[in-house]
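Two complexes are shown next, each including chain A; its partner changes from chain B in the first to chain C in the second.
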Partner chain A sequence: MSRRAAIGILWHAVLIALLLAMFYPIAFALSNSFKSISDAYSSVMELIPSRPTLENYSRVFSRLDVWRITANTLFIALVASVFKVLTSILAAYAFTEFSFPGRGVLYFVMISTIFIPFNVTMLPNYLSITSLGLNDTLVGVALPQLCDATGIFLIRQSMRTIPRSILEAARMENRSSLGMLTDIVVPLTRPAILSSAIIFFINSWNEYVWPVLMLKSKENFTLSLALQMYISSEGGTEFTVAMAVSVLAMLVPFGLYVMFQKFIVSTFTSSGVKG
Partner chain B sequence: MKEIVMENVCKSYGGTGVVSDLNISVGSGERLILLGPSGCGKSTILRMIAGLEDITSGSLYLGGRRVNDVESGRRNVSMVFQNYALFPHMNVEDNITYGLRVNRIPRDEIARRKAEVVNMLELSGLEGRKPRELSGGQKQRVALARAVAKRSDFLLLDEPLSNLDAQLREHARKELVKVHEKSGATMVYVTHDQVEAMTVGDRIALLSGGTVQMFDTPSNIYNRPANVFTAKFIGAPSCNIAPARVKGGRISFGGEWFAPGGRWREILSGRSEVRFGARPEHVHLHTDARPNSVRAVVKYSENYGNRTSVFTSVGETEIAVSGEDICFAPGETAYLSFDPDRIHLFDADTEENIGYPDDTRRGEDDEFIYKHNVA
Partner chain C sequence: MKNMNVKAFLMLLPSLSVFGAFMFWPLARTFYISFFEWNMVSPVKKFVGLGNYAALLGSPLVHRVLGNTAAYALILLAVNFVVPYVLAFVLSQVVKRGRALYKGAFFLPSVISLVVGSMIYTWILNPISGPVAIAAQRLGLSAPIWSKTEGAVIVVLSLVTSWKIFGYNFIVILGGVSGVSSEVIEAARVDNVPLWRIFTDIVLPMSSATGVYLFVMTVVQGMQFLFTPIRVLTMGGPNYASSNLVYHSYHEMFVVYRTGTGSALAVITLLGFAFLLFLEFRFVEGRVYYES
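Our next item is the complex of A and B:
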């Protein structure tokens, strides 16, 4: 066997192992959500339930206001992703199109905020939101998530690939900067904008720590918080119900990914960032 | 009122001069060519007229109005970019009408102009295509159509044909002249291609190192080059230039003597050195010695099909000769003669033209006057 073939096989083995490691928890949740609690304890590792049941799902829907909780999660995720994308487009455009003193430094400072851990900003944010009286509200959860340096970075990388002469051609038609942004720049950077939006949406959808801090009343809960109710010490015995909530929580991000997969992959490969 | 006037225009980037002390005026409806090697500043000049580059000092007037501080979009100029700069996400029709829509031209007027340029540039049937679905020639025509549809007074073109293959380029060049004549705009055209410059231009500004070497009609640039740079830049093969000694009205290079005679004696008087210039097509090659001919040895020849160029050496000096039916083998001895009306003499130090016996230049009148007139 040639050296090349051996390396190929080795790589595939590694990739298959990684795929299984990522796929297994999902399969585990999916299969156990269709088992009765007794079956789940006797055969937790079985991927195909021997006696599939929808009992866990009906229990979730009877005990929780699933629609309300999903609507809450959707509201926060939509507000956060729409605002993050809007602010990122404007900032990225400013950093690409205009030259002003201190542009490089400002951009560097902006990008370096990506590396500030959540724990550092958590407390100041909590105090600010509380003093605004927005504790235990959905707006309070969304408010600190209205802009994001990652989006500025991704969208700016994409804007930089637009040839200067195209913008100059628009400028010679007496088009304003904002007009050029809407007519030329946004349509040409649509893949980057869409994939940033999806990433923001999914991140916010899966957010746990911040909503836990903010939200107290059950009618304001998000899906992550609802899930937590079943895996905490009080509800720990009903782990098949928890799996059903997990599966429900996965559905929306999964659907989005399937729909926009093309853009997500192309943005990360073209910007040189590994996803 | 479509003149372009540049007065003492300079451009520098952080202290590095790119264009210095430019004085050019272009008449209404004229075609000016900015010609020169890459890096000579020609594109910078065009971009300054377009308003895409600031002018460091001096004044630029478009139609009598000083526009140094007028934004690009308010200068009434349109431009064809070297890479065409078509909007990739818009189809041909939207590309052509973009500027008109943005400037809120009435819809029926837009339709009329679009129909006109589509017809003029043979784009019908392509209106719905995206730029990536077009060939290079089609893209070039769309870019031109977009510029013409704007009906501005000033049409700027930045090497518009450089991305086309040779055959297409010739066709596009003729079309471009036709389109310009219909539009009546004042045109400034940047190129590094001397054939384009000679065929398209009413006048050519030949640039080198950010300064104008010569600003004149194509005919005068060819027949009456103002300096060595101009003589060598225009013409292929390039003009023969030889350092020469002068004695008693005779010129010597490569150890051979040649007497141009006539009024050249007056022009040469008081000089001991010149640069002698003769275009290859104005040098004649003979097998036997003639009066006033110089002896040369043939080195090699190049056949272009319609003509042949023979490269000879006169002593240490290489002299190229080109003509229709000349056939010499390498190593052969040949005799060169020069038509005294078609030689050029330049100052040995400044490389400026020292004048001609008949001081009237061929072609149109203009302000250009030789610095070294014959007394």
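Our next item is the complex of A and C:
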């Protein structure tokens, strides 16, 4: 028994050490964003700033149009996540509620888009968006991201757990398919819908690849692109300001995750195989 | 019945049109462009047949990129597949306390942008003023300038990417491992089967559906996630030592404007992923898909 307990403590130590290592970068960014540049260089190891200052944040706000950049990021993230959730609910419902010829194949084809790497689609999408005259616009960034196979999968998995008797009863009442969807199916699958929405929002908020191809002018920049101006492999010169920008970019995903943590984690845990 | 088909079709129409316009049509177009020589702006595309593919397969540079891609895959799998698998087993069988807490905390870095991750890690690993360099100095060691050192550059970029992948993989595999029947494990424990044998003989095979899925996704997602740290930190350098297949096709298309070879590289990436998808179906079929 005591040997078992000792092994347990040892593993806890390993897990906690790993957690600390994973949290260190966050603590590092946070603490250095509140140091003056000279303090940061002389005491980079200190996790609690001895003379905390807000000068880095005020510098960020005076130099970057933070509100505009945030609004751009928010616009793309909202459009993408709202559309992804709507298209996913409809498709998931079609696959759950109706049986039609080719259903299995079509489902497989749609889900397999998860395996299409973005380098396969980015050049033609770049050309299409350009020929629509939407190059360097927020709409051009959002347009190819209005649907997502992960959402179809997660929401369908959840819809399949609805007891048949509930659906049968609703059918007896002669409800329309759409009525059943909005009144019965959607309320019963809320956790999966909500966590898909949050994940889509966070992913789009953090998105880098496609916006960097699309957006050229600074007034259209998203957070990721603004951040990039402070990076080079040697680190650039404005260490503490860069940390402040990082902290600002982390805030929204962080807050959302803390608020909806339970939903998100349980959706991924119980989704069985896919995520 | 007809009516039902129409309804189903109408509900699928939005997703089908988005996938059609921005997934399948571009896929076909990339495939088409891979048979041409084209600089993206010129009105003429020159047909070269399989020329781009032949040129790629014979190029030492591409061999190098393929080698890097394999090295990335191995590191990402070790860190984000093997380690979480073992830890998930430990958390479900050895230490049971604090499971929800560990799950929630490990996932947290997964919601942070890779650009932010890249930025923070460059400063932590800064060879002059970063905490790692200073700690190494105190121990009398010197940290290499990782961004200029072949090999080290792959390790560091994998580390940045793992910070994003690890937590997600951990909760998914924990879900799979926790799904293994506890009666079977209890029976084995009563028979005094050592824990590591319980892991290799019972848990691994019984959670293999999730395991295979995660193995495949780690490579598929990992290769794409790597693009961001490569693009913002090294641009594939030094001397292509950190480029992978996905980044290199971008480089061909959008940096040197050889869209034909870039597209051929993209097709090769897709074939690699399709092979992984095929593997997944071979192994996972019957365990997961039959129930649907």
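FYI, the second predicted complex is superposed on the first by the 259 of 275 C-alpha atoms of A that agree within 3 Å, B and C clash if a C-alpha of one lies under 4 Å from a C-alpha of the other, contacts with A are read in each partner's own complex, and residues count from 1 in each chain.
The criterion applied here is as follows: a residue touches a chain if its C-beta (ideal position, glycine included) is under 8 Å from a C-beta of that chain, and two chains touch if they have at least 3 such contacts.
If you're wondering where the values come from, they're calculated on a predicted model, not measured in any experiment.
Student: Chain B versus chain C on the shared chain A, clash or fit?
Tutor: Because the two structures are overlaid on the shared chain, the partners are seen to fit without clashing.
Student: Given the touch rule stated above, what does A:M259 touch, chain B (first), chain C (second), both, or neither?
Tutor: Neither chain B nor chain C is touched by A:M259.
Student: Determine, under the contact definition given at the top, whether A:E168 touches first (chain B), second (chain C), both, or neither.
Tutor: Only chain B; A:E168 stays clear of chain C.
Student: What angle, rounded to a multiple of 10°, is defined by the Cα centres of chain B, chain A and chain C, with the middle one as vertex?
Tutor: Superposed on A, the angle at chain A reads 90 degrees.
Student: Report for A:G179: first if it touches chain B alone, second if chain C alone, otherwise both or neither.
Tutor: A:G179 sits against chain B, while chain C stays out of touch.
Student: Which partner does A:W11 contact after superposing on A: first (chain B), second (chain C), both, neither?
Tutor: Touch partner of A:W11: chain C, not chain B.
Student: When the two structures are laid over each other on chain A, which of chain B and chain C touches more residues of chain A?
Tutor: Counting contacted residues of chain A, the larger count belongs to C.
Student: In the superposed arrangement, which partner chain does A:S128 touch: chain B (first), chain C (second), both, or neither?
Tutor: second
Student: Using the touch definition from the top, say if A:L251 reaches chain B (first), chain C (second), both or neither.
Tutor: A:L251 sits against neither chain B nor chain C.
Student: In the superposed arrangement, which partner chain does A:V139 touch: chain B (first), chain C (second), both, or neither?
Tutor: A:V139 contacts neither chain B nor chain C.
Student: Rounded to the nearest Å, state the minimum C-alpha distance from chain B to chain C in the superposed three-chain model.
Tutor: 10
Student: Along chain A, where are the residues that touch chain B in the complex?
Tutor: 163, 165-166, 168-175, 179, 183-184, 187-188
Student: Note which residues of chain C are touching chain A in the complex, please.
Tutor: By the definition above, chain C touches chain A via 4-5, 7-9, 11-12, 14-16, 18-19, 21-23, 25-27, 29-30, 33, 40, 87, 90-91, 94-95, 98, 102-109, 111-124, 126, 129-131, 134-135, 147, 163, 166-168, 171-172, 174-176, 178-179, 209-210, 213, 217, 220, 223-224, 227-228, 231-234, 245-246, 249-250, 253-254, 259, 262-263, 265-267, 269-270, 273-274, 276-277, 284, 288, 292.
Student: Across the complex, what residues on chain B touch chain A?
Tutor: Within the complex, chain B contacts chain A at residues 50-52, 71-74, 77-79, 81-83, 85-89, 98-99, 102-103, 146, 150.
Student: Under the definition above, what is the set of chain A residues touching chain C in their complex?
Tutor: 7-8, 11-12, 15, 18-19, 22-26, 28-29, 32, 41, 44-45, 86-88, 90-91, 93-94, 97-98, 100-101, 103, 106, 110, 112-125, 127-128, 143-147, 149, 152, 160, 177, 202, 205-206, 208-209, 212-213, 223-224, 227-228, 230-235, 239, 242-243, 245-246, 249-250, 253-254, 256-257, 261, 264-265, 268-275
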